[in-house]
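Heads up, the next two complexes both have chain A, just with different partners, chain B and then chain C.
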Partner chain A sequence: MGNSIFVRNRSVPIFIGVLALVALAVTFLSPAYGTGAVSVSFTKILGMTLCLCLAALAMDLVWGYCGILSLGHFAFFGLGGYMIGMWLMTARTEAVIRANLAESPIPPTEGEVSQATALQIFSVVGAEDWPWMWAVSDSLILSLLLVMLVPGLLALVFGWLAFRSRVTGVYLSILTQAMTLALSLYLFQNDTGLRGNNGLSGLQNIPGADAIGQERLSVWFFWASALALGLGYVGAAWLVSGKFGSIVRGIRDDELRVRFLGYPVEVYKLVVFTVSAMICGVAGALYYPQAGIINPDEIAPIASIYLAVWVAIGGRGRLYGAVIGAAAVSLLSTWFTSGRAPNVDLGFYEINWIDWWPVLLGLGFVLVTLFAPRGLAGLFDYLVRKEDT
Partner chain B sequence: MSTLLEVQGVSVTFDGFKAINNLSFTIGLPELRAVIGPNGAGKTTFMDIVTGKTRPDAGTVRWGEMGHSLLSMSEARIAREGIGRKFQRPTVFEDQTVRENLRVSLKKPRGPFSAMFDRVTPEDTARIEEIAAEIGLSDHLNRKAGILSHGQKQWLEIGMLLAQDPRLLLVDEPAAGMTTEERNHTADLLKRLAKNHAVVVVEHDMEFVRRLDCRVTVLHEGSVLAEGSLEHVMGDERVIEVYLGR
Partner chain C sequence: MIRIALAALAGVFLSLTAPLPTHAQQTDGPDLQSILQDNSELVANASRRTVQEVLDILVDSRLPEVPAFLTAWQARALYQRESDGLFVYVEDPDADALTLIDITSGEGLGTATSREVRQLRPNRGVQSVIGATLVGFQLASDDPAVRLGALDAIEDDPEERHLAALEDLVATETDPDVLERAELLLPALVIAFSDDDAPRVEAIRSLAGNISLTARRTLNPLLTTRTEFAETLPENANIARELSPGSDLLSVADAYDMLVADGLAPALIPRSDQVATLAANIVDGEVGGVPVATLNTESARDRAYAALVEAGIAPPAPTEADIAQSLGRFVFFEVYNERSAAVTSTARETLDGIETRVGFYRFLDLSLDGISLASIYFLAAIGLAITFGVMGVINMAHGEFIMIGAYTGYLVQTLVPNETASLAIAIPLAFIVTFMAGVAMERLVIRWLYHRPLETLLATFGISIALQQIVRLIFGALTQPLTPPDWMAGSVALNDVVSISSIRVAIFILAVLFFFALWLILNRTRLGLEVRAVTQNPAMAASMGINPDRINMLTFGLGSGIAGIAGVAIGLFAQVVPDMGSNYIVQSFMTVVVGGVGNIFGTLVGASIIGAFQKFVEWLNPTNTLAAQTYMIIFVILFIQFRPRGIIALRGRAAGD
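Up next is the complex of A and B:
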């Protein structure tokens, strides 16, 4: 298999190797399977970081390779989370209701269980019946399908309208911001069926897995996230390595030339945009069970801008750059904003990192743009090339 | 020789400026045609109209034996119909190798799924190497197009046009930035292509046009001023006036 993706793209075997090493290390340091040096909450943070890396990978496909600066990709990420969240909440709440009603003298009917579950879930927004969008929330298989289908469909419709009208550049970026803002505002309303600003919560409690415990579940989710990231990486590398990748990079660099070669540019953009939205959906569906809660704030416009900043800092158009950027910046962000970073006392002023982290991030972004336009991975490439010569 | 492209009564106005004014133009298959004219005569706009980049305000553009109108087709569709274009400024994918540039141009299905599962067949490789030899880039196949010289980029774009294998080739200033030897090679190549293609060459360089030794169309202020052999049009008083000033 001389044509295999592992041979064609040198970064693929290296990336898979590093990812496997990280997964092994986390396992051996976890409380459930190893020394316990890494806490359950930190295991979850690491697992969530891998999901963010997967979203950044999807962002790199669409921006770094196809030149579409989408500033709405977190909408797809959030939708993936909502889709799996509906199943998690339904199944979990139903199990609790059943346990409670089991003690009553007359066994409850299915209708009573369903009604009680709905009341339990929706009383917080003053409703007591199932909204239409929860129609398949009792089926894990269908919910998993929706994780990919719903973000994919939104991307398909949005992309079709935008690309067909040849909206490009900053105008497209603004439209994508509007899309994620509109979705977030819609979800904030109490009567839309997804519990308004309460969001979906208790997602860390996996139905039927109470006996397993968070110690082991956190490691399992970490593995699942690592697997998804690994598969996503191989898939993305395959997609951009062949003729398809050539055309997509051509669209990024000279869209008109690609048109004059006879390629339907809109269709290619639509494929890349939709595929990357679906990857984001999967990433979100793995992220929120580890985070435990999702609410409309998650898909505020700023979240998608952060995603673009990670990819820019990591380096566009090289896949591993996006992963490095997302991992480095989101972990640093967690460290600085969780109060773990020691405050700096200047005598006349005390720098509190919770307030100053956005400033530091902004400064870092400016510095990278000025001095390393190809991102952190670009510096890395520079060192490797130096060794080669 | 049958008519391949027929442009009739086409006009286009940009902000009140008549770039093309009631232009009519016909080319057959096979045929080699040179289009000359001073700056602003509408040579590039003419190509933009044929390739679908610019929509004319009036007139018709008919294509092929069936006389289909090109005006309702997208640029990509027109390219798939068999019209290839080389731009004035060499436009190649600079971030990609010469081989990749030629590979995306090869005449194969243009859909995204065909592209995803496309494999380089031995025939593809042979064709790419044949074209590379023709355009003198055999030693540069695995180098990025961005590091080529201006002349080599011109060659590469001509190579991409060859790979597309269109029926009609619109070639905008192919000889710019080339040495005399390279110009001669280009002229010979275009003449050879014109044995079984329709080739329209826009060029400023009269020596190059003379070497093409073909029918010449002179454009001026968006319409045809004269048409015929180079000697004939150069002897035309209006052409002399336009070129030398009054």
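Up next is the complex of A and C:
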């Protein structure tokens, strides 16, 4: 099966090849393993971009293939980040506390270490005890499990409620948007255990990896992101191929007809929705250690809308489209908003791209929706003159 | 400034002194200045303890100018001439050459430099004693406003000698406002200063059912308690209740601390002190025979400490059993600060009755808040009810139309400074501006996407971020002021519990007006008929001679224009910032979805439910509005499970799909 996917979907070997080339190129240009032409911070940006591509891939699964426009997928992304962030923060803070307490004449008890760690983490929101949701934050393995389980469970419950009562189309979009808004408002509260609007910070300091240094860590995280994206791509391609994929696409095109053919539409939608949420969780868990900080602002509704827009610009309904859209728009955004783009002098007015980029981006959305409904990936069709999907 | 204040004081005392001249002319005693000269030392260097003496003399003199004099003295506007000790007023204290004024006649006494006179600066204590005396004069004033002011002063700083004056006032007062205040204040003074229980109980009873803050402020102090302990419950104390250590009201640690504070039990040795003792007694890598490296558990530390205690190096720490035994010897109880049990029990009873009523009014107040919140949601969502609800277009830029409306209001206000006039201009102008914007957007973008609703969402989202950024580039990211007219600034208060700000009343009225206007437009006009026809079946409508393009354009313009007006209203109480629209967009969609798509009545119901639910959650947890919003959204998500088409669902063909 794993082999046949490479044969059936030509985009898979091409994509894996391109991804491997990019990974090699970044490695040989990185400061740690190559010439140093790519700085540490830019390596991180590239790694983060790959994570966003993975999230866009997940988004394309639900929207492009199953027709569910979720405007809350960044909630799953953020939850993945929070789950891994709890472990990073706990382990890191505990190491620092142990180092401090090691100098006291009497060795500290486990209770004292735990208490001091909690105080260090939560004093910013005026608390000093571990909230219940940090119960497994001292275990990397359990935290990694939660990265998949928590977004998956949220998607399962939410999807079950929504699909069961046949909420579809724009109603579902609005509900998913409400979900991510509710989650971000919930996390904004200081007393909910995830440090309110302070969020989790210092995530770039990987516990026990101080000796390795950010130069090498950034490349390692880039590899990990590339690996996750590659695996995600193969997995997604496998999922949408074959009978399962045909049914899912059938649901997208005519849900009623598929239902009348006797397929349990809700189950298929639920599987796709949940799997895609778990992929998002993994993407988030890889993204935030590179970003260094996560706070509730990250999962505000607008982030999820951007995710949908990337997929739309890239071209939904084909996996590489989502990746192209996410990579192109987020890298262009970085380029324009970092001040590297040259200002345009019109004589009477100088266009400063930091200010004007959002306007350009917004109008770009409009133009793509109006004139290129199949997105950038649709341009390939003109070149190849052949339907890919 | 001071001059104005003095002028105002003088104004007040014209009315104060007016009733008194009859007494004055009959008085043949010494004039004010000579009384003051007799007590010169007491006046010039007044202290809280001695000033009463001279005040009594002044009151007894019944001179008409005494109140004005006391006011000036209290306000530090009284001066004494260094050369002869004469007490004078000064015309303008900031001038270089001070013009002196006689305290009785008001005639000029020539000028002096600031070195030749000394300003009398009574301290706060003296000022309050003078104030208390003044209150007596003020209560006798003819002007009800002055009498009310005196009652305020009594309430701020009640004194025993006010009691009699107040009783006189209640007996003779004719002005209803003053009487009401006085009758409320009298029980407070009786309760505070009467020696006998019977009148105090009577006074407490008279407050029954009175929900004013004053009444509650009077009763609450009677019920304050302090925690005490004794070997047996004292018989003669007014005990509120017994407490057992370890309950919610009294922790074991607090109870034990009380015993320690009185030296009745050995002090606890905190864990940190024990560890410090251990650290101070490390011998050869061991403490009391326990290796230091193993001291990382509590039990090992306990063993090491016990060894130190045995060796006589450390004081023994009380064990749990010791603590329990010490606590067992005493009873702990709360005792009222008020001695009389009759007074406290009556006060408790009365206060409970008041609290019940207050609870009812709180509920009423909360309901008003809920209605007001519902009006805001309704205003924000009503435009969407047309574009999304009736036309099925998901306009993510709806929030930006609200924002444009608010900025239109702000712009008009910068041009027309009169707030009422600018509001009158801004409301139609905002409608026109956003109507045009909506029509332009419909013509350029939305009409190409009618068959692709999800993509409308993305295109309008693009427009939304572009509009936000353009406004940010023009006006900056900071909050712009949109000031409501003065007549909207106050609040309407039913009593001390129930009040609502006028601006919220105005928004409620606006919401009601909107509702009826739209209902009329959609159900009673040609345009409304055509809109409904096009919504239900554009092809059939077209074959009936309706131009669907034109109708779609006008409908979208109407929805957008209404969002603009809502923006002016919202801008009056919320912050006018470029991204203000995004605060309302998700709520607005939820309002429309909950209410049921396709009719504005549904939006009204949806807004009411959401507003009421949110206020209800806030009532359960008043400190946390974020939690209220969170639960409100979860409520909406669950609600949609049971009524996926909203509360007012269209049935049959009109529902379409």
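Just so it is clear, the second predicted complex is superposed on the first by the 381 of 389 C-alpha atoms of A that agree within 3 Å, B and C clash if a C-alpha of one lies under 4 Å from a C-alpha of the other, contacts with A are read in each partner's own complex, and residues count from 1 in each chain.
The rule is simple: a contact is a pair of C-beta atoms (placed from the backbone, for glycine too) under 8 Å apart; a residue touches a chain by one contact, two chains touch by 3 or more.
Predicted model only: the values in this text are computed from it and were never measured.
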Touched partner set for A:242, first chain B, second chain C, both or neither: first
Residues of chain A touched, compared between chain B and chain C (which is higher): C
Contacts of A:222 with chain B and chain C, given as first, second, both or neither: neither
A:106 touches, of chain B and chain C: first, second, both or neither? second
Contacts of A:336 with chain B and chain C, given as first, second, both or neither: neither
First (chain B), second (chain C), both or neither touched by A:261: first
First (chain B), second (chain C), both or neither touched by A:362: second
Touched partner set for A:271, first chain B, second chain C, both or neither: first
Residue numbers on chain C that touch chain A, as the complex places them: 275, 278-279, 282, 287, 292-293, 295-298, 301, 392, 394, 396, 445, 448-449, 452-455, 457-459, 461-470, 473, 582, 586, 589-590, 593, 624, 626-627, 629-630, 633-634, 636-638, 640-642, 644
In the complex with chain B, residue positions of chain A that touch it: 3, 239, 242-244, 246-247, 249-250, 253-254, 256-265, 267-268, 271
Contact footprint of chain A on chain B as seen in their complex: 51, 53, 74-77, 79-80, 84-85, 87, 91-96, 100, 103-105, 110-112, 115-116, 118-119, 160, 164
Interfacial residue positions of chain A with respect to chain C in the complex: 69, 104-111, 158, 161-162, 164-167, 169-171, 173-175, 177-179, 181-182, 185-186, 188-189, 191, 301-302, 305, 308-309, 312, 355-356, 358-359, 361-366, 369-370, 373
